[in-house]
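Just passing along the structure, written as C-alpha cells.
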Amino acid sequence: MKITTRVRKILANYESDNPGSKANLARILMQGRLGGTGKLVILPVDQGFEHGPVRSFGPNPVAYDPHYHFQLALDAGLSAYAAPLGMIEAGADSFAGAIPTILKLNSANTLTAAKNQAVTGSVGDALRLGCAAIGFTIYPGSDQAYDMMEELRALAAEAKAKGLAVVVWSYPRGSLSKDGETAMDICAYAAHMAALLGAHIIKVKLPTAFVEQPEAKKVYEQQKTDIAGLPARVAQVVKACFDGRRVVVFSGGAAKDTASVLDEARAIRDGGGNGSIIGRNTFQRPREEALKMLDTLVNIYLGKQ
Amino acid sequence: MKITTRVRKILANYESDNPGSKANLARILMQGRLGGTGKLVILPVDQGFEHGPVRSFGPNPVAYDPHYHFQLALDAGLSAYAAPLGMIEAGADSFAGAIPTILKLNSANTLTAAKNQAVTGSVGDALRLGCAAIGFTIYPGSDQAYDMMEELRALAAEAKAKGLAVVVWSYPRGSLSKDGETAMDICAYAAHMAALLGAHIIKVKLPTAFVEQPEAKKVYEQQKTDIAGLPARVAQVVKACFDGRRVVVFSGGAAKDTASVLDEARAIRDGGGNGSIIGRNTFQRPREEALKMLDTLVNIYLGKQ
Amino acid sequence: MKITTRVRKILANYESDNPGSKANLARILMQGRLGGTGKLVILPVDQGFEHGPVRSFGPNPVAYDPHYHFQLALDAGLSAYAAPLGMIEAGADSFAGAIPTILKLNSANTLTAAKNQAVTGSVGDALRLGCAAIGFTIYPGSDQAYDMMEELRALAAEAKAKGLAVVVWSYPRGSLSKDGETAMDICAYAAHMAALLGAHIIKVKLPTAFVEQPEAKKVYEQQKTDIAGLPARVAQVVKACFDGRRVVVFSGGAAKDTASVLDEARAIRDGGGNGSIIGRNTFQRPREEALKMLDTLVNIYLGKQ
Amino acid sequence: MKITTRVRKILANYESDNPGSKANLARILMQGRLGGTGKLVILPVDQGFEHGPVRSFGPNPVAYDPHYHFQLALDAGLSAYAAPLGMIEAGADSFAGAIPTILKLNSANTLTAAKNQAVTGSVGDALRLGCAAIGFTIYPGSDQAYDMMEELRALAAEAKAKGLAVVVWSYPRGSLSKDGETAMDICAYAAHMAALLGAHIIKVKLPTAFVEQPEAKKVYEQQKTDIAGLPARVAQVVKACFDGRRVVVFSGGAAKDTASVLDEARAIRDGGGNGSIIGRNTFQRPREEALKMLDTLVNIYLGKQ
Amino acid sequence: MKITTRVRKILANYESDNPGSKANLARILMQGRLGGTGKLVILPVDQGFEHGPVRSFGPNPVAYDPHYHFQLALDAGLSAYAAPLGMIEAGADSFAGAIPTILKLNSANTLTAAKNQAVTGSVGDALRLGCAAIGFTIYPGSDQAYDMMEELRALAAEAKAKGLAVVVWSYPRGSLSKDGETAMDICAYAAHMAALLGAHIIKVKLPTAFVEQPEAKKVYEQQKTDIAGLPARVAQVVKACFDGRRVVVFSGGAAKDTASVLDEARAIRDGGGNGSIIGRNTFQRPREEALKMLDTLVNIYLGKQ
C-alpha cells in the first residue's frame, strides 16, 4: 500500500509518536473510498449504550445485528468503525482485517444521571480484537471532567506505547448552558483540550454561532474573527487542533434529513475539517438509503459533489 | 559547557538531590541569553488548557501552532519552555535538544468549577519526550489542596529518582479572599509550602501589600518588616524559599502593558528573585513585539536596563 | 558507643521490633547532652507548613534558613531534629551523620479548613535522606481520623520493615470541645491510640485538669485518681503509654515565657515523661536566648535544675 | 478492504486465535500483488546478522541502506518484510502502514559456533514499531533446541495475547547429517514441530528426496508415499502443517540462478505450499533484475507463468 | 541552542526513536568544539577496570583522580565522557550539566579469562547520575556473545523508553584469529550487528586490510571493493552501519605515538566516520601534551589540519 503524500504529511505532524501508532493512523487514513485523501468518515455505533437499543435500532431493526454495522461501513467504503466492547467482540472475527476498528473504551447511558461514563474496555481488549485505535469520551465542564481526563491519560499512554491510535470524543456539558454545549468558543475549547491530552483524532460537535464565554466573545469581536458561516466555524475548530496538526472530525448529531447532513459535510470540507463521524443518520435509515447517503457524503469529501 | 560559579552555587543548595536532577537544573540555568547568570525566564503555554484557545491564541492566531512557542522561546533566548502533554508532543521531535522543556503534569480549565486540576501527563512522558523537568500546580487553600499535594509528592519523588527537576506552581485559592490570593503573607506561605514539598523551582504570583492573616500582620508590624515596595515583597518571598536556597520565579499574570511587565521584572531582580515565567504577555503580542519585549526583559535581568 | 543500661532497658520494651528500628531509637536516645539518660528533647520545625513562614520565621528571620535549625539542635545538644521533606532535603547533606533526623511525613496548613493533613513524604525519602525515624500526625476525633490512622499504618509498617523508628504526633480535634482537646482523659486516650498504632515515640500535648468524657470522670472519681497537679497528669499519660513501655514526649505549644516552658519541663520530668518536643519556643527567640533556655531545659532533665 | 473467500477460509483454520492475530494475518495475506490469493512472498533481510554485511550487501551495495528493502518489498508487491530490530527501527516511521513487517526476535551469526540464537527484540518492540508479526527461529536437533522452544513459547504466547501473528523459522541442525538438515522426513518434522508450537506461519527449507530417519524411510516405503518430485515433497510438508491448516512458506536458500528460483516456486505452488520467503536471491541482485525476477515469481503464484 | 542542519539530519535517521533519546544524542553532537559538525570525540575511561589501575593510571598518576578525566574532556572541548559506575559517581555532582556522560554498563577485567563482561550498572543509575547515554560492550564471536546481546537488548529497550541514547562497543573475539579481530570484514560485521541490535552510536576498532572470512574475501574480490587504504576501509564500516544512518566512532587502541593517532583520525574523517573514542592515548600522556594532541585531533575533524 503506497501511502499518499497527503497522508504522509498528516502522519509527520504526530512527530513524537512511535511508528506503531502512525501505522494504525495510516490504516484508517488509507482505508475505503477516502483512502489517501486525508479525509475520513467513521461509523460509530455506541448509541445502543448511550440511548438504549429501542431508540437506536428500533427504527431499522436489522441494525440490532452487530454484523450489520461492520458490513455497512465496509460496503459504504468508510474509514473505520467505532463501537463498545460487545459490538466489536460480536464481529471482530468475521471482519478481521476488513476494516479498521476503534474500540470505544467508555460509555454513558440514559438511565444514569451522572455526567460521567463507565470504562467498559481496555487497551488489552483493543489489541486482542485487532483494533486500530481506542476511543474515549470526556465531558469538559462536568463535575467528573478531571476524573475522566485522568482515566484518558492512563489509557492513552498505554495505547500509544503499544502502537495504537487514540480517538477522543470531547463533549462539553455540565457547567454550560444548553446552547453553550455547541457554542463556537466551547467547541474550540473542547477540541483543544483533546489535543492537549494527546489525542490523535479529535471528535467534536459542529459549532453554532453562539458564544458562551464573554472573554471569548471579546476576542472574536476585537479580532473581527469570522464565525458567521459554518465553514468559518469549522476552520476555527481546526485552528484549535494545533493549527491543523491534529485530525478533527465532526459528529452529525441527532438524526435529521439527508440534505442537512450533506450540507454539514460540505461545510466541514470547506472549513478544512477532516471528515465526519456519522452514526444515527446512517444505521437508522434503511440500508439502501443509508448507502446512497454515504455515497454522496464520500463524494462530497472527494470534492465531487 | 563550563558551568558558571553562580550556577554552581545555586546547584549546591540542592544538596540532597542526585546529579541527574542537578544536571537538568543546570541545563535550564545555562540555557539562552541568561545562561550562567542564575536568572531565568520561562515561557509557559498552558493557557490554552486553562482559559481556552480563543482567549489564549485568538489575539495572535499564529500562536495556535505549537511550533510557534518552541521557536519563540528559542529565538528570544529564554531558559525553558513549559506546556501540557499535547503541546510538547507536537514539537518535541522538531526541537529535540534545542531548549529545555518542562512537561506540565496537571491542568485546570475554566469550564470546571472545582478548585482542582486533572493530572494529564506522567514522569514517563517527560522522559520519553526529553523534558528537563516536570511542572505541577497546587492550590493551597482549596478543598482539594491535600489531594493535590499528595499527587505532587508521588510525581516529584518519581521525577527526582529519575534525574528530572521539579517545578511547582503554587497558587493559593479557595479559602481565601480575592485579595488574599496575592497577599504578601499568602504568597510567601504558598512559596514556602512548595519548597517544603521539595520543589526545585518555585513559581508564585507577585505579592501585593495586602496581608490576609491577622497573625502575619502582627508579625510584620512587630518586626517592622518592609513590605511597602514590590522589591521588598519579592525579597520576603525569596526568604520564604529557604532564605534563597531555592530558585523562585514570578508570573506576569493577566496580559498588561509592556511598561508594567518590565517594571515588575525590575522589582523581581531588585528583590533578589530569580526571574519571570511569562506567557500571555508574550505569545498574545505580535511576534516582533514579543521578541522586543523579551529582549528588554532579558536585559533587565542582565542588569543592563 | 556504649549503650547505657537505662537506654538498653527502654529498648527492651520494643520487644517485637527488629534491631534496625531499635538501633535508630538508640541513636536518638544516645545523642546530645541527654544521651544515655532515657530523656530526650526534640526540635521540630514544621510550623512553616502549619502556620506559614511569616508567623514562624518572621520573629527571628535567620530561621528562614533550613541550616539554622540543624545547627541549633546540634549546638544545644538536643536529641533529634524533625521537619518536613523540603527542610530536611535542604540540609541533609551538610549535616549527614551529625544529628538524628525525623522526616515528618504529613503536614497541615492554616489555609485549609479540613482537619486532615497531606502526606508529603515517604519512607523511601527518609531512607535516602538518612533519617532515624518517620514522623506522622493523627487527629483523633476528626472526620478523617480513620483515614489518617490507615495512612499511618501503612507508613509505619514500611518504616519498621526497613529499620526506621516511628514517631506519632497525636492531637485530638474535631468532635471535641476546645477544652476537650487538652483534657486529661483525652490526652491519655490520644497517647494510648498512638501506642496501639505502633508508635515508638509518642508526642502529645500536656493535659489540663479538665475531663471531657463523663465516663472517664466517673472512673477518676471512683478511683480517686490524682490529676490535680501537672506531674500527676503527666504520670497518667505515661501510664496510657503501655505503663511506660513507650517513650512519650510533650509539646510546648504556643510561644510563651521562659519560666512557663521550664516549669512544664520540670513537671514532665517529675511525672516520669521522657522529654520535650519544643519548636516555636526556641527558633522564634534570638539564637543566644534560645540556646540559654535549651541549656536550662536540658539541665532540668539531667536533674540539675 | 474486502477479505477474499480464500483468505477467510485460511483464517478460519486459526480457530482458537483472537481477532487481533487474525487481522494481522489478514493484513499479510491481503497485501501486495498476491493479496487475497492465499499465496504470499515474504522478503527477509536478516542475512546481515546471519552472514555479515559484506557477504549480504557487498554484491549490491545499495542494499546497505535499510530503506532499500522496505522499498523493494513494496515496489515488488510482496506480502511482508521481515528483519531484526535495527533494520525495522531504521525504516518503520518512513514506511509506517505501507507494508506489513515481521520483527525477527532472534538472530544467529557466523562468528558464534553455538547452534543457538540471541533474542534481540521483544513483543513490545513489535507493537511500538507497528509490526504485524513476530518471527522466531528454532533449531530442532541442536543442544539448545529445547531452550529455543521455551523462548518461543513465552514470546508467542505474549504476541498472541496482544493480537500479533507468529512466524516460525524451523531449521533442523545439530544432531543431523548435513544431508539430513534438508531431508524429506526432517523438513516435515521441523514444520510439524513449528505447528505444534503454535506458529501461524511456518517457514522451512525445501526438502530433498533424502530421508534421514530409518523409521520414516520404512513408513514412506510401506505407504508407497510419493516423494520423488519436489511438488510431491512440498505436499508432504503441507500435510505435516496440520494437513494444510497452517500457512507454510519455503526459503530459497543460498543465492542461485533465476531459473532455479522460479522452478522451485512452481514446485511450491504445485505442491500446495503457500509461498516463498526469499531474501538473498533478491536483494543481492541489481534492483531492476530483482524486481523482474520477483514479478515472475508473483506471476507463478498467480498461476500465470 | 540552535541545532545545526547537519545534526538535525543525523537525528532524522533515528526515525523510530522518541524525542528523549534524540535530545540526548543532540546533547552529545552539540557539545564541545565539534558541536554541530556531526563529528564527535569521546573520552572513555574504562581501562582501570579493563587493565587495572597501575597499567592505566600509573604512567600519569594525576589520572587516578576521577575528576581529572571530567576536566580533561571538558578542557579539550570533547563531546562526551564515558566510564563505569564508580568513576561517574565520583564526579557526577561536581560536573553536573557540564559535559554529557555515558555510563558504561558492563566491564571486563584481565583477571578473568572468560570472554564476557560483568553488568555493573543500570539504566536507573544512568538516570540518577544525569547521563546522556548508556554504554555496553558485546564480544561477537565469544561463547558468551548471545548472552551479552540479550543483556544489551533488555538494557537498550529500557534506556530508549526512558529517553537515553545507547552506545555499543562491538569487539569481536573468541572464535577469531588474532588478526581476525580487526579484519576488514569482521569490523564491518561487528558494526553491523551493533546497528541491528539498535545502537544509536557504534564503536568499533579500526579495520586492517586483512580479511578473515573466505566468503567475504570472495565478495571483495568480485566487487573489486577498495579496502587498500584506511579511509576506504572506514568507508566500508560506515556502509555496514546502515549506509551511514548510524553514528560510528573508532577506537584508538593501544597507546601509540601522536603522529599515528592523528593519521588515523584523518583516515576516519576522510572515510566518512563520525569520530574517535580515545582513552589511553590521552590520559596516559601528561595533561598539557594530551590537550595539545586533542586540540590537533579536533582540528582534524574540523577539517583544519
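A, B, C, D and E are the chain letters, set down in written order, and residue numbers restart from 1 in every chain.
In this section, contacts are C-beta pairs under 8 Å (C-beta built on N, C-alpha and C of every residue); 3 or more make two chains touch, one makes a residue touch a chain.
Because the structure is a prediction, the values reported are computed rather than measured.
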For chain B and chain D, chains touching each: A, E
Copies chain D and chain E - rotation angle from C-alpha fit, nearest 5 degrees: 70
Between the pairs A-B and A-E, the one where more C-beta pairs touch: A-B
Copies chain A and chain D touch via same or different residues, half shared test: same
Distance between the centres, which are taken as Cα means, of chain E and chain A, whole angstrom: 49
Separation of chain B from chain E, taking each centre as the mean of its C-alpha atoms, in whole Å: 39
Computed distance of Cα centres, chain E from chain C, in Å: 56
CA centroid of chain B to CA centroid of chain C, Å: 36
Sequence positions of chain D contacting 2 or more other chains: 92-93, 124, 128-129
Contact graph of the chains (line, ring, star, complete, other): other
Chains that touch, pairwise: A-B, A-D, A-E, B-C, B-E, D-E
Residue ranges of chain B in contact with chain E within the complex: 1-3, 11, 18-27, 30-31, 74, 92-93, 95-99, 124, 127-131, 161-163
Interfacial residue positions of chain E with respect to chain A in the complex: 15-16, 18-19
Sites on chain D touched by chain E in the complex: 48-49, 51-55, 57-59, 61, 64-66, 84-94, 107, 109-114, 116-122, 124-125, 128-129
List of chain B residues in touch with chain C within their complex: 13-17, 140-143, 145-147, 149-150, 153, 157, 172, 174-176, 185-186, 188-189, 191-193, 195-199, 213, 215-216, 219-220, 222-223, 225, 236, 239-240, 242-243, 245-246
